[in-house]
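Letters A, B, C and D mark the chains as written, and numbering starts fresh at 1 in each.
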Amino acid sequence: MGLSPVLWQFLVKWLHSSSLFPTEASGISPYVDALYFFLVAMTVFGTALVAALLLAFSIRYRREKSPVATHVEGSTLLEATWTIIPLAIFLVAFVWGALLYFRIYNPPANAMNIYVVGKQWMWKAEHPGGQHEINALHVPMGQPVQLTMISQDVFHSLSIPDFRIKREVIPGRYSTVWFEATQPGTYHLFCTQYCGTQHSGMVGEVTVLTPEDYEKWLQQSTSGMSLAQNGERLFSSMGCNSCHNGTAAARGPSLAGVYGSKLTLTDGSQILVDDAYLRDTILNPSKHVTAGFAPIMPTYQGQMSEDGLIDLVEFIKNMQSNYRVQQTLVTAESGEAAPTTPPPGTTETGKP
Amino acid sequence: MDNALASTGLTTQPAPDPHPHETAVHAEHEHVALPQHRHHFETEEQQREAGSFGMWLFLVTEIMFFGGMFFAYLLYRNWYYPAFAAASSQLSVPLGGTNTAILITSGFCMALGVWAAEVRRRKMLVVTLILTTLFGLAFLGIKYDEYHEKYELHHIPGNNFNVSQFVNPAAYGIKEEPLAPDMAQKTQIFFFLYFAMTGMHAVHLIIGIGLLFWLTWRAHRGDFSSGYVAPIENFGLYWHFIDIVWLFLFPLLYLINRHPLH
Amino acid sequence: MAHETIHTDGTQDPMNVTNPEHAQRHIVTPLQYTYVFGTLLLFTGITIGVAYIDLKWANPVIALGIACFQATIGILFFMHVAYQSRLIKITIGVGFFLFLVLVTMTMGDYVSRAWGMW
Amino acid sequence: MSAAIGNTIVSLPDQSTAQIPRHNYINNEHGLLSWLLTSDHKRIAILYLISITFFFFIGGAFAGLIRLELLTPQPDLVSSDTYNKFFTMHGIIMIFLFLVPSVPATLGNFLIPIMLGAKDLAFPKINLLSWYLYMIGGTLTLTALVLGGVDTGWTFTTPLSTHYLNTHVITAATAIFVAGFSSIFTGLNFIVTIHRMRCPGMTWFRMPLFVWAHYAASLLMVLGTPVLAIALTLVALERLFGIGVFDPTKGGDPLLFQHLFWFYSHPAVYIMILPGMGVISEVISTFSRKRIFGYTAVAFSSVAIALFGFFVWEHHMFIMGVSSYSALVFSLLTMLVAVPSAIKIFNWTFTLQKGSITFETPMLYAFGFMGLFTIGGLTGIFLGSLGMDIHLTETYFIVAHFHFVMVGGMLMAFLAGIHFWWPKMTGRMYPESLSKLAAVTTFIGFNLTFLPQFILGYLGMPRRYHAYPPEFQVLNVLSTAGATVLGFGYMLPMLYLAWSLKYGAIAGNNPWQATGLEWQIQSPPLMENFIETPVMDHEAYDYEWLANKTRNEVTTVG
């Protein structure tokens, strides 16, 4: 009969891919699955209980068996029971879930940082060493990796089911998520927030490599310039260095070692300098002006791509001194790039 | 009679006028005119209270409707205070103040109208309704003037929105701290909220004025001079509600920061 | 305050205890309206005046306070709520309460975002 | 009343003599106009019934097309654009044009005045107006569809909907805006009616739970919908003038839209489910011949749901970069809102205890509801629990979850109600065996369709995907297969209900021997429902009262 090959194919497929759970490929997965099993158990139990009661009552009290209903008003005790017990279970789910939430979204201190830019309809990963990948992400195994993500246009959402992580990629704001891959292999990378026509095409592959392989990969796929070095170029080509050069006459604050420090703003408020802050000050300078400076900095809104901003942020992050800035200031006239770029793949720039 | 609704009433109660169905249908289709009693209400009291309760529920939805915009205002005002302050200083307090007074007055006339209807004075009712309408129109006129000015200054949000006046006030002879360019851009959000909120308010006014014409005509016809107050009363509620919205809009939009800090 | 009252039902029940959904019908007198009218105008003047004095954070608070006061008397007398049934008073209360829910809970998100993740 | 202890309580008048009452609301007037201009709540209910059925099948057709496309991993049936328009239309039509008005606008409209012993809703003309608003909204939606569709998804996520699409977003937004006001007016009408139009003796705690449920739902409609209206207005303005209130590059915040949108759209799911719960209460009580176990608990749980429903909207945004502190608060409140639903389920279950149960079609649907809604509700806990939500949200798990609540819950309840009150609305019975078949088919088809989607979701298949990795195919095939069965299950009632209009057995006043006021009058009812204002002198679901009444043969047939 004609149907059988189709049926056969179907069965084969079924046997090949009848997994009920995605692979546990990240440090967090077991914890997520644990909660999942708990909740599944709760659901099964709850449904079974209701079903069993319905069945039992339907048989015991069907009209043939009990022709006349006996009136029961209700029972406070029972009401209390099925108010408190479900509530208790739900609260367990709440606490458990909350702990997990913070575990998933709080990166450890030693996490390495990779930038991800989402745009309709592709993922662009940018490694500090300047390696760029499209719809692909290479990460080392056994090393916490933090993704600092931003969208160039609409909401996207980066999801790696096998790592059990997902985070909205928001336009105009950095969002972060971290994971620690535990086994080599390639895994799906999805955009889960509907983002327009090619939404379902906005998928990629995460490749987990052993640390050695990862090093090799970094070497091979370098673009020659680290993010910080690109940032340094922008820094001079955009003329940032004409104010932020740490000289006495500078109209802007020196940026050397500013990252991670606490700044005092003109309105007296204290603020911690992180990626988000750096990005925001470039786009909305007057929102937070460092104490002792005038709000004269122009906005770069619309003049710089998110990639450019990432380069700049990365540059400022790793800026230990103003030495190279002043160098670029000098060489800027002669129109060439700054001297002696350190080997790519490392995130350090300028030695004092 | 009203105990028809009392939770305790157990007394049986034949419907006041069990129409034959045909007339019942007509009673339903004709406009709420005399006899204003609609067949499906037990008592006229019940009908009146149902009416005003319904009106109030509707006003509550209006609260939530404006609520969304009030929240947007609150949020962005906190984020971009300098822009909001500077932009708000470009609105004319004299005009805004006058408008507030005008609206309050028109509300006062409306209130008198309700009273006139209650005490069944047809002429007075008509006069107050006309006054209400006039004040309402005056408000809209002034509002139009303000909008027009904004239009000429290119302060209408959109593609040809122009911030130069805020970046460099001196050039326009305005004694204000100049805004940094990026902050000046945010004045657009203020003006959007200004137009959205006052615009939405104006729309409600226009609808109200439309209704006023209709009510005035019916009042003139004498519909409301025989103890049938509900339409006037409920419209009054609507009109006063618009006034009250404005009482919030005025300080929030016009008076953010009228004392430039030096 | 004395104002004429029309009793459309026999039950004298000003506190509408037995039937909270029903209140007897009052007619607010023009005199009262005039008082309210005056007050509203007066406070509009005040709110404008205060706006020109620099009181730092107090300015918006005062402005809103006055607006709320005006709204209250407007609602109570122009809109007759002072003489309306408890049901209607509650309805209005619910409306404003829910508006506050919208504002506070959403603002809660925006405000606490700055705190970061502990 | 069938004296012999059979397995049914259906008691029909002697078919040879019985006939449809001469005067009733259907033949009271004739001509199309008499329907289009009617302000009789019963006729308006029928108008609604026809129109929402129409839209239900349009929305269903889109669902079918979606499932058909997902039969294969490759994007081969239609282009991505078309697919996106499919699920957008499916969402908009099913939510705003079917689920929200489904039970309230049809059964609620028809029954609430009768259950309260009133002649009509408080504002008959506004009731008619809200039907017209609904139709305008529906027409605009279809216009958007005909003009080339809209592909925002029903959530209108900014800035996608405002800056990155050139489809007919504004038309669709207007449609929803208008339809929204239709449901505002319906809710307003119900609230006023329930407060003001109760007949003598009809105290709050003598009202049927159906009315309580609608009261709670109406509160949500009246208080929530305006916020959706303003959110959509802002989207439209943003599109028209690019004023940047949701545009990050201009300093706006896209999350603000999410807040405003979900402030309505979460309560909306309770707008959709609460009336269904009301139906279930009536059905369960009638077919177990017993007062609902813990009447007050069920009544108050409805109100509690309505109340808590307003405090949980942010759980749709947990991964959207909201503050983790408020995420905590909202997660906790989400857990609280789940409790009243649990209370209801158990109360219904225990209503059966010591009852005298029969299994007519409405009861079967009610059983279906209980099972599926329990699953739907409990899987909601997964999504309310922060850590779990990260992995599950925006996947097929969430799709399965809300279909279990909306389709498995609300649609089952709707069908239960339609079958239950069909005799009252039309005066004729539906064919019992066929309808039982339909009920079972629907149940099987439903589970086959949506259970696989839970697994798909946990495997990580994102929602709104046109193409998907091949390893997901098997489960998708299962789901599509189920959808076919489901579709068949929904076709059946259409056919046999239409058939029963002419050939169904004459139902008589009270085929179910139910206690509600609506069953004490003729079916189909008179134009004015009651000949004289009834007096409620007994509790709701008082079957002894009914027994005495039938013994004394005091019936009010017009």
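Operating definition for what follows: contacts are C-beta pairs under 8 Å (C-beta built on N, C-alpha and C of every residue); 3 or more make two chains touch, one makes a residue touch a chain.
A quick note: this is a predicted structure, and the numbers were derived from the prediction, not measured.
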Moving only to chains each one touches, count the minimum steps from chain B until you reach chain C. 1
Kindly list the shared contact partners of chain A and chain C, in label order. B, D
Using CA atom averages as chain centres, what separation in Å is found between chain C and chain D? 36
How far is the middle of chain A from the middle of chain B, if each middle is the mean of its Cα atoms, in Å? 47
Where in chain A do residues touch two or more of the other chains? 102, 105, 284, 301
Going through chain C residue by residue, note those that touch at least 2 other chains and give them in order. 21, 87, 94-95, 98, 102, 106, 110, 117
Can you pull out the residues of chain D that are in contact with at least two other chains? 195-196, 223, 227, 251, 321, 324
Residues of chain D touching chain B in the complex: 23, 28-29, 37, 39-40, 118-120, 122-124, 126, 184, 188-189, 191-192, 195-201, 203-204, 222-227, 229-231, 234, 237, 241-245, 250-253, 256, 260, 526-528, 530-533, 535, 537
What residues on chain C touch chain B, complex-wise? 8-9, 11, 18-19, 21-22, 25, 27-30, 33-34, 36-37, 40-41, 44, 47-48, 51-54, 59-60, 63-64, 66-67, 70-71, 74-75, 77-80, 84-85, 87-88, 91-92, 94-96, 98-99, 102-103, 106-107, 110
Which of the residues in chain B come into contact with chain D in the complex? 3-5, 7-15, 18-19, 21, 24-25, 28-29, 38-42, 46, 49-50, 53-54, 57-58, 60-69, 71-72, 75-76, 79-80, 156-159, 185-186, 188-189, 192-193, 196
Of all residues in chain C, those that touch chain D in their complex: 21, 87, 94-95, 98, 101-102, 105-106, 108-113, 115, 117
Name, in rising order, each residue of chain D that touches chain A in their complex. 5-9, 75, 80-81, 84, 151, 153, 155, 157, 159-160, 163-165, 248-249, 251, 254-255, 288-291, 293-297, 318-321, 324, 327-328, 331-332, 335-336, 338-339, 342-343, 345-347, 349-350, 352-359, 367, 370-371, 374-375, 378-379, 381-382, 384-391, 393-395, 455, 458-460, 462-474, 477, 543-544
